[in-house]
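Everything on this sheet refers to the single structure shown next.
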Amino acid sequence: MSLKDLISPFYVWQRAFEKPYTQKRPIEDRPGAPRYRGFHMNSEDCIGCGTCESICQNRAIDMVPVEGLEQRPGDSGLRPRFDYGRCCWCALCVDICTTRSLHLSNHYAWVTEDPDAFHFTAGTDPMPWNENSLGYRRDDDYHLLVHDRIEMEMLGPDESVRGFDEVMKGYTEEQAVLEADRCVECGICVATCPAHMSVPDYIRSVRKRDYETGLRLLYETNPFSSTCGRICTHRCETVCVMGYQGDPIAIRFLKRAIVDRVPAERYREILGDDVSDNGRTVGVIGAGPGGMSAAYYLRRLGYGVTVYEAQARAGGMLRYGVPSYRLPDDQLDKDIDYIRSLGVEVRFNTLVGRDVTFQSLLDTHDAVFLAVGLNQPSALRINGEEHPRVLSGLKVLDDVANGLDPGIGRKVAVIGGGNVAMDAARVSRRMGAEVTVLYRRRIEDMPADPDEIHESQAEGCTLVAQAIPVEIKPAASEAQVTIVWGEAEMVADDKGGRPRPVLQEDRMHEETYDCVIAAIGQGGQIDFIPSDYREQIEFKWNKFVPGDYQQTGLAKLFVGGDIANSRADAISAIEDGHHAARGIHRFLGGSADA
Amino acid sequence: MSTATDLLERFGTNYRISEVNEQKADLTFFKVPKDQAVRLLRELRDDAGYTHLAFLTNIDYIERGIFTLNYMLHNYDTRHTLGMHVDLDRDNAEMESIHNMWAQAATYQRELREMYGIRFPGSPRLDDDFCLEGWDQIPPMRKEFDTAAFSLARFYSRDGRGTEDPREHMKQQLYPTHTDDAPEGGN
Amino acid sequence: MFEPTPQVDLSSGKYLKLWQGPQHPGITGNMALELTTMGDEIVDCKTHVGYLHRGFEKLMERRTFIQNFPIVCRIAVPEPTFNEYLYAAVVEELTGIESPERAEWIRTLNLELMRLASYLMWLGGIGAAFGQGTVYQWTVTHRDYILDLFEEMTGARVYHMYIVPGGVRGRLPEGFEERCNDVLNRVEKLLFDVEKVLFNNFVFKKRTKGLGVIAPEMVDQYGITGPNQRAAGFVRDLRRDAPYLVYDQLEFDVITATESDAYARSWVRYQEMHQGIRMLRQCLERTPREGPFQARMPNVLHWEVPAGETYVKAECTRGEYGYYMVTDGSEYVRRVHVRGPSYTHAIALMEKLAVGTNIADTAGLMVSLHTYPPEIER
Amino acid sequence: MKDMDKSFKKDTETEFPLREEMRPHQVTAPDGQVIDIDPLQDYFCQEPPKVHAKSYFKIVEDFYNWARAHSLWILGFGTGCGAIEMRPLMTPRFDAYRYGIQWRPTPRQANLLVISGYLSVKTLKRAIRAYEQMPAPKYVVGLGSCTINGGMYWDSYNTINKFDEFLPVDLYITGCMPRPEVLMAGVLELKKKIKEGRADGANRYVENFEWYKANQKRVIKNWNMPDYNW
């Protein structure tokens, strides 16, 4: 022991002269750091997808309905309720939150006597920290989810415009698995899908590469999976939670990824072909998606089904309205052939009202499902539209599908902004024409698929927005036609509707084309129904208004498809068919549930 | 690094070494039969320089009916680690004790006894409580033991919880007539 | 080698059975020593653990890979980040994800800060165990300033949950370097004070020199690692021998001693704190300010790690800390084993070293081995 | 003890006998005298706990409560993670001593038991004993989520979920882990409660003694100790 060792410890006294370290008021003086992981806050952006609940390893989060909050497609109406007897403040829920609505405040003190009090619904319950602006937020450069969609290989516009080859090439297996992996399996999309397909489940089967299960899941709600995997309007993707911070999951193409990997020969083996016969029959008018869907589910239930189709081939608008670069014929056949292979009889070239009467159908069948679709082009309602060079979009598509030459010429104007207009424009491009599309509102208002709009532009169609056709005039040549159109200004609607285009009379244009293709919508044709029956049935705007289970006032008659719903797309028609099949089964005394 | 391959070649003549897996440059896994394991351990320690037993643990392959013991040995000179696997019968798991080779092995063996029910005859204080006290169930680390179910059954959970699945909730609220699932096609 | 415990006849009246615990004063966490004493000399010591057993390895088997990330840090309470790093490293190795360079630097910074905080806590412990309560007050207060740094960097004082598989969870906050440097300067000044007050203190010297000597041949027999091993003259440090993160780019010395008693072990740790400050200053200077800090990750909600097994280790304050993981290609891990250095230090080694010491010295002996029971029991 | 039968299950009655030193035995004193000892009878108090009666005069009781509130002595028994955040409170920075709080090494000197986080079954047994050894009036604070509903160890086979089934809790503090400031806030809240005379956990424990004991024995399988032993 040295003297130094004895004296050295007294050095401690030196610190006695330092400023004290003590916090005067420890609780008030020390708020959490700006990044502190304190108590939860939830903003109005929350849609109740429940992803926070699924990542919570402590089961600290419950999804509960909140009073005064209405659910709507894309919002489940549930909100996360936290149990602070479980939470560990890892903030994984914040990191995973698909809408970035969930945050943590830097508030950290909660003391009470009641152990059951530590439950609260973040954002809606009045908590003292709700106005807190500091606290943990996910860093912009840190992700637990994959926000970018896996790109699908597609024909370039230079190539695609040259023929009718399918543009979207479909995902490879690896791509499909990667895309499916992005899904958080919240199920928000199921409510929005008109057919309520079990989207998360079949996406999971893509991820697991289990295509047999996937196919079975698809056929539970949709017998046109190959078709819908290509041309569905994919309303599901508009509400996909992944779309809030990145791209929505390519749900449509993942459906296609399943059917692309199951050859048609294996359908009967996977889906089963044991169909019984219960002795009753149902007549279906129209072999479009609605009719064939009803036929499929009715056949599965054991009904004998006869489909009456005016055209020579089945598929309806899918066949004659959708060009083959979007939906190749063989893919449509894949779906239809399987349905027919179950014993559904299709009578082609049989127009109800011409070849067979509506009454005879009612007499021969126990029930009738009507899905004739909209096959009458709407009129432009402007002067001169009866000019022979004014063609209808449907007619053009129909001719092309039947292998006929629609005779459109080299310079074409398409009027309209829907999918039929886009199809007509793109088909015309493929026939070698120079195409201008005239649409009365803005491009973002177009009802057509954004993809379609984008691709048609890429293929060289000129889109002229805010252009209102005013008059059709004969041109110098008989093979040509002149259209007069005026520019429009968008005027906000006083009643809160979407902005209206208003014609600017001083800015008129006149242009001559080889033909004008009108594609502004279609109407239905139901003259074949006797008028005394029609009186029993409810109509609105020349469309059916079906009751529960697609039933009409004429008890034996069920309706569906474009002529009975406002959405007018394939997937809605398919659901109508499925729903009607349930209804018919109920009506004919099947199971009470059905 | 060729240490692992050299080494396993050297011992390969006397021991039935299988499933050699060079995970990375300084880490190799291999498997030996149960009856040769302790002899090989001793040789590795005394002749090959693997003097450090990092740990001893067990992996439960319930679907194959085996336990796989893993002895993790480290050689400080070559800085190489060896993971030696030994398969045991899951229903009658017993292994020779190595408490005489490494002092801490006795503790690991106690833990394995308690957590998996593996017997190491001769290992000191083997049957004393280690982590658990008054444990009356099957050894908890065995895969067939469901800890969540046990916890709920014995320790209970606080009331007042209940959750809704967004998908089911929306189904009931937004399209109730579509919820019946009787006539389903496909399967 | 294992030595059988001496058979003592408790009813002979010569011996006294004494329980130290379950809250042993010499350690951070719960542990009990069952001592058999004759007079105040210990003739037998048995360690009892399990007071903190939560069954982590079982819990991890039923959580997905991302769900495991928040729970691993709880395995060693006073030193959570080593668990976070090793868990991230073991998952990254099995999946083939490489965390970006910026993340590697931030991780190193985080780990070294943690090491410093952990050592400060220990320094207070060894001071308190030998009657130097002042040192405890100083060091735990200064540790709190490091926790403040953690709070602004990671969002929490103790359980940071910051090092996530694939990188880290956020960038360094604005002005972090200055505040960190400031704290480092204060800690460094404090360390010189502690040297004067504790290491030069003749009481401390008298009581620790010759206490709990680990003979060099015991090192491998007992699987001793870390400062306990280096104090016995072995120049072994995973940061130098098997560099991980960016340790190969940092300058530091491996501190060793030869006496291998409680004083030597304390001295080695004390010196390592200075090395830690030296490394932290390098980290602060060299951590990239730009660039990604997270690798591209799959969707973590259903993250399937390919089948495989591996062992990843790092040098924590107490020695070799390692994660052994076996995966089978599913969303859940097949088996995780956490190798903590306290496992052998607190049980096999403590039981051996305690024999022959005084009751009064067991606490000091325990602290000088630096053990954390939570990592023994997991 | 742990002989493995086919199902591994153990019968708690027969498989968890008393520890050797707890059984009746004889000890030879240094002078050669042989003493019979029955530890369960000799070492422990057999008197059941009593309700701690209030003073007849309210003003006296208020004074007592005021005094109690200002000397909360915490038992230095860190049962879980939260113990690590109790240390800073003892240091100059937070300086809890100025509020009359101090840490005591033995339950017999303490009146506040802070359950700092999760409780494993093994620790629960010690916590109960520690609590029973504390002199009344005594208070219990549950620190951290784990004491409320299991916290992140809600599915662990070795940690309890609802602490209030085993000991009467006066106050809960949520957090994982709670900062030292929150514990301080909690203690200040407890002070208020004591001053208002509402912190009667010890009496609740006595009044529902059977219920608490039944809960405790449901979880602690090798009871191995007398029912009351303060």
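The chains carry the letters A, B, C and D, assigned in the order they are written, with residues numbered from 1 in each.
Please note the rule applied: a residue touches a chain if its C-beta (ideal position, glycine included) is under 8 Å from a C-beta of that chain, and two chains touch if they have at least 3 such contacts.
Just so it is clear, the model here is predicted, and its values are computed rather than measured.
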Result of counting contacting C-beta pairs for B-C and B-D, higher pair: B-C
Most centrally placed chain, judged by C-alpha centres: B
Farthest chain (mean CA position) relative to chain D: A
For chain B paired with chain D, centre-to-centre distance based on mean C-alpha positions, whole Å: 36
Centroid distance [mean C-alpha coordinates] between chain C and chain B, Å: 24
Centre-to-centre distance between chain D and chain A (centres being mean Cα positions), rounded to whole Å: 60
Geometric centre distance via CA averages, chain C-chain A, whole Å: 54
Where chain A touches two or more other chains at once, by residue number: 21, 32, 57, 83, 85, 88-89, 115
Multi-partner residues of chain B (at least 2 other chains): 131-133, 140, 145, 147-148, 158
Set of chain D residues in contact with two or more other chains: 91-93, 122, 148-150, 152, 154-159, 162, 176, 179
Touch-based graph of the chains, sorted into line, ring, star, complete or other: complete
Complex interface listing, chain D residues touching chain B: 1-2, 4, 7-12, 15-16, 121-122, 125, 148-150, 154-162, 165, 218-224
Touch list for chain D against partner chain C, complex: 21, 25-30, 76-81, 83-85, 87-88, 90-93, 105, 118, 120, 122-123, 126, 152-153, 155-159, 176-177, 179
Of chain A, residues touching chain C in the complex: 1-2, 4-6, 8-9, 11-12, 14-15, 21, 32-37, 51, 54-55, 57, 88-92, 95-96, 104, 136, 139, 141-146, 181-185, 204, 207
Contact footprint of chain D on chain C as seen in their complex: 10-14, 17, 22-23, 25, 28-30, 50-55, 58-59, 62, 70-71, 74, 77-78, 121, 136-137, 140-141, 143-144, 147, 157-159, 374
Residues of chain B touching chain C in the complex: 21, 23-24, 26-27, 29, 51-55, 57-60, 70, 72, 76, 79, 81, 83, 99-108, 124-125, 129-133, 140-141, 143, 145, 147-148
